Amino acid sequence: MIAQVRGSRPVTDVCSRLYLKHVATMEKYISVKDLENVALSMLSKSTGDYYKSGATDEQSLAENRDAFKRLRIRPKCLVGVGNSCLNTTVLGQKVSMPIGIAPSAMQRMAHPDGELANVRAAQAEGTIYTLSTIATSSIEEVSEAAPNAIKWFQLYIYNDREVTKNLVLRAEKAGFKAIALTVDTPLFGIRRADIRNNFTLPSHLRITNLPIVAKGIMRADDAIEAVQAGCSGILVSNHGARQLDGTPATIEVLPEIVEAVKSYNVEVYLDGGVTTGTDVYKALALGARMVFVGRPALWGLTVGGQAGVQKMLQILRTELQFTVQIAGTPTISDIKRDMVCHESVYSKL
Amino acid sequence: MIAQVRGSRPVTDVCSRLYLKHVATMEKYISVKDLENVALSMLSKSTGDYYKSGATDEQSLAENRDAFKRLRIRPKCLVGVGNSCLNTTVLGQKVSMPIGIAPSAMQRMAHPDGELANVRAAQAEGTIYTLSTIATSSIEEVSEAAPNAIKWFQLYIYNDREVTKNLVLRAEKAGFKAIALTVDTPLFGIRRADIRNNFTLPSHLRITNLPIVAKGIMRADDAIEAVQAGCSGILVSNHGARQLDGTPATIEVLPEIVEAVKSYNVEVYLDGGVTTGTDVYKALALGARMVFVGRPALWGLTVGGQAGVQKMLQILRTELQFTVQIAGTPTISDIKRDMVCHESVYSKL
Amino acid sequence: MIAQVRGSRPVTDVCSRLYLKHVATMEKYISVKDLENVALSMLSKSTGDYYKSGATDEQSLAENRDAFKRLRIRPKCLVGVGNSCLNTTVLGQKVSMPIGIAPSAMQRMAHPDGELANVRAAQAEGTIYTLSTIATSSIEEVSEAAPNAIKWFQLYIYNDREVTKNLVLRAEKAGFKAIALTVDTPLFGIRRADIRNNFTLPSHLRITNLPIVAKGIMRADDAIEAVQAGCSGILVSNHGARQLDGTPATIEVLPEIVEAVKSYNVEVYLDGGVTTGTDVYKALALGARMVFVGRPALWGLTVGGQAGVQKMLQILRTELQFTVQIAGTPTISDIKRDMVCHESVYSKL
Amino acid sequence: MIAQVRGSRPVTDVCSRLYLKHVATMEKYISVKDLENVALSMLSKSTGDYYKSGATDEQSLAENRDAFKRLRIRPKCLVGVGNSCLNTTVLGQKVSMPIGIAPSAMQRMAHPDGELANVRAAQAEGTIYTLSTIATSSIEEVSEAAPNAIKWFQLYIYNDREVTKNLVLRAEKAGFKAIALTVDTPLFGIRRADIRNNFTLPSHLRITNLPIVAKGIMRADDAIEAVQAGCSGILVSNHGARQLDGTPATIEVLPEIVEAVKSYNVEVYLDGGVTTGTDVYKALALGARMVFVGRPALWGLTVGGQAGVQKMLQILRTELQFTVQIAGTPTISDIKRDMVCHESVYSKL
């Protein structure tokens, strides 16, 4: 069930040459949508469908995107923006921008370099890479490929506690900085009756000093419960709208979760539907400390390996940089709640 | 006017062989929509149109479906879901899931086995079959075909009280468990001036010990009146949106009706527009004890007789099972009101 | 400017034969939309466009229709409907149903019989015909063609008071029952500075004992002013959405106007966008005593002269009859305000 | 960076002949949309795209238009409208109507006469022309071309204060009446850290006695700050939706800004999405003293030089004239706030 597959050795020399070539050819892409379109033309239909699809009727998949469009940015004009800066910190680690890479399974399906290209891109761009449990590169390979990247390890709750324990120990030893514990996926034959109604972190996770991020929270009460159980971060996520159709968009539930945990010393993050710099900006204004992108990283990886992922991150960085400047909030801490409102505000004339 | 037609003898042997074959070929269908598409390609245009159509401009027909899409499921993550179970009871009878079969007229138009295939499917899947008064199999034939099914009998209010009385007696004798009294159809030459403004159950229905379910209620005041007149259940229904165009969707009026009768010892059910497991889930969260499906049973019946109806029920069961697990409400009684909200909640940022 | 043109003599014998033939061929039309489609195929493009078009971008034209679709009928089931009846009175006159014919200009453009066919249809169906000032038949011809019809005369406010006075006297003498005074059309070279800010009925209208209906009211304050100036009826109208694009739909402003004048002894009517029996029902529930249809009469007139207009009225009558029965409000006075609500009510879960 | 390019000498004789010809051929255009369609067919694709496009996904570009359609005009009928008049004043200057020309860059891209044709059209129609800093005609040429036009000068805030100072002095000397200071464009390499958080007018703008209009305000707090810093007017603008996608429509934020500055002696204007007379009317009702049109002037300029711009202004004038009459508010000062409401008012039945 656990696919920490040791992939074929990454052909690093070829990759380096390819990387330089790719950096040059990446110039023509000016939006994440561009990368998506090209990636889908390169992937087999089955892989492309697997990456892009959502649950059932894909209503929540569309909502994750559309809900961003229902939010408005209210720019401030009378502000100097000379010293704009996207730096922030996440769980105490400095990142160059509040945009990181979400976990996704078996990334060598997208590109021969798979996880290694992805983590190198995160390292080069100064942000977080989250390794999926279901990966085509080992924890150690990922660590070695990008020793200076900020790496998180995504973990399911398995029945076999020794397996989990072993994975966490390896991640900790390999220099990973946090565990992103997926809490929205009870369907892999897992039995968790023991934690019912009194959520506590599984005992085999108390072996570790790494901070735990609860990934998949969509309700205020769950957020509070996770924090009280010891989690340091809440990742608002509906699993890329791949699990249950009919959930709200993640950006829609973000405010209630931020409000719920504001008296705790905890960070809130978001993934789901982020494809532009203004999406990131809206999430930050509503209280997210960081957003994560999953599919965009796969599109970049498919199109250009490490260079493609970097291009994707650069596009979002440029768009976010422009947005903070034009909105009159030159640094991340300037982005207050009142910079964004729901479109419905304007029907209350 | 009453069409308790004794159909041609069901060719049972052929049916059995067909049934086994059908079970095998049913595998390819993975949604109710699949069955609908195939059924409509098999039926004559006039029969297909008759089954699928709604009143006038079909606005309410579309609303019955669309209103479900405007509801959001708010999944709970921090819950063990090992012992999920769909069992529930309806009017004291155990059913394997809260999804039953609504009445529809003359089912041999869809398949030679008609009502008999349908009731056998209900028996095999452990749920309720509602026989229409306007049927192509007799009460007794239906009872004989599936002695262990939970059978309800749908009844119009006829002027000829002897006819009604006779039907009810036959149904009671044949082991039916409830009368679903259609109250939204005053247009078959019926004169009911005698019950105006002071609704009481027709006297010829007080012969019977069977519980009465008022089918077709769309308002809180009507629900209260029906309960006070002695009904044991309220079936929220707009007659499959076939009567009056411009009514609300049934799922929209469900909450006001549940609220209205909550202090009474009465159950509330719903039909109209249910085609997925998440639709069922939303109705349960808003207070329905059971939902009924009409057209989906006709699609299944058309495509594969008993096997087709069972396939339809199995699809809904699987979808509902998945939904209760992923939503963190593993049993029916876990599905509280706050698991679902209207999309407009998220425009109040 | 005034087009009380004496048309060519109506060829009555031919008409009678045509009428019988038309009655037979009308059977195939089952909705107002059917008549519209056929009429538009019969008319020259310029006449068809003239009839069907609205102002500028036709936003209000669409809204007049769409606003009806945003209203929901909440049927009552537990009511006997044996004695349903559509009779009502308007300004003291008995009509067979609350659906009358609105004024429209020069009806011989649609059919050789023009206004005469139209008024005969109204007489045959027992309802009101409103004659436009800009007509292709004279007041006297219309009166003679249908002596028993309830006839209203539509009047603009002209600068030339003698002209107006003469028209009113002729209408009164010819047995017309009310003056529908168009108040929303100040653009025919009219100077009304004399009535500015203190609206009073023009002195030349106080010659007459006929009740005055103010046609074109879209605001509560205007309604009150009209009533205080002596009007007996308020006809909520945006001139068929032909004047100013961007106005609300008439059905949208109806409730505020009904509310505003409820303490006065005055009737409120509506035109604009009515094409089905449920539209009529919704207007009645929101407080209209009568609705008027303009374009539908032109479609009927075009398709079949008198028989066509009667067919149109019969379609609406049948649809309204069905609606009052199925909604559980068998007579007009049963249709209370709570039978209809706005769709937005159901987003307040 | 500053493009006060002295263009090739305008070929005035040819222009005069062209002008007369154009006046004749302009008759066929009856809406701004007509002019847009023809202009786009005449321009190169790149220029046409440059003019018509908005930022990123063009969501705000569409919203600027669509938000007008969500507003309703509530016409008053019982008002004499004989003396309708569109005259008003802006910063003490008389204009023949509340519709002026917004700045746009390098207008000789649209037509050889560029800014000169545009300003002559404004002069002929008795309204305001705003000259862009980035122009293809000099301040002096524009002044000489239309000495009697009311001319404003649009200014960016440059780092090089001498350049700015020189431009303002030239504009003042050339008879310009106001400076429209663009405050929403911090991205031309500008460093304004000096004004951060304490907005004051740049010292080099205090040389001038011309009133300053802050162009690009989208928030109430910014409006107040601009007024307190000495601005005489607030031009609500999102830069034609060309800067930041995801902002509200300008007509949506207008009310909050009007409300915010109502206790100050200051005027509020609007640009963005205005293409019809009813758009203008809605902006006036919500508190704008004047609206400005940018793209419509470019369409007119492209199609017919001065005659084309005049035609555009005449279309809007005619439409606005009609609207004030039919709405029962014959002069600009009659247009009170309650003449317009949001469509959502009508979902509160």
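We just call them A, B, C and D in the order they show up, numbering each chain from 1.
Here is the rule we go by: a contact is a pair of C-beta atoms (placed from the backbone, for glycine too) under 8 Å apart; a residue touches a chain by one contact, two chains touch by 3 or more.
For clarity, every value in this text was computed on a predicted model and none was experimentally measured.
Peer 1: Examine where the copies chain C and chain D touch and state whether the two sides share over half of their residue numbers (same) or under half (different).
Peer 2: different
Peer 1: Among all chains, whose Cα centre is located farthest from the one for chain B?
Peer 2: So the chain farthest away from chain B turns out to be D.
Peer 1: Roughly how many whole angstrom separate the Cα centroids of chain A and chain C?
Peer 2: Each chain's C-alpha centroid was found; their separation is 61 Å.
Peer 1: Rounded to the nearest whole Å, what is the centre-to-centre distance of chain A and chain D, using the mean of the C-alpha atoms as each centre?
Peer 2: Taking the mean C-alpha position of each chain, the two centres sit 43 Å apart.
Peer 1: So which bits of chain A are touching at least two other chains?
Peer 2: 71, 341, 343
Peer 1: Of all residues in chain A, which touch chain D in the complex?
Peer 2: On the chain A side, the touching residues are 69, 71-83, 276, 278, 282, 319, 322-323, 325-328, 341, 343, 346-349.
Peer 1: Taking the complex as given, what residues does chain A use to touch chain B?
Peer 2: My answer: residues 56-57, 59, 67, 70-71, 183-184, 186-187, 190-197, 199, 214, 216-219, 221-222, 225-226, 229, 238, 243-249, 252-253, 255, 286, 341-345.
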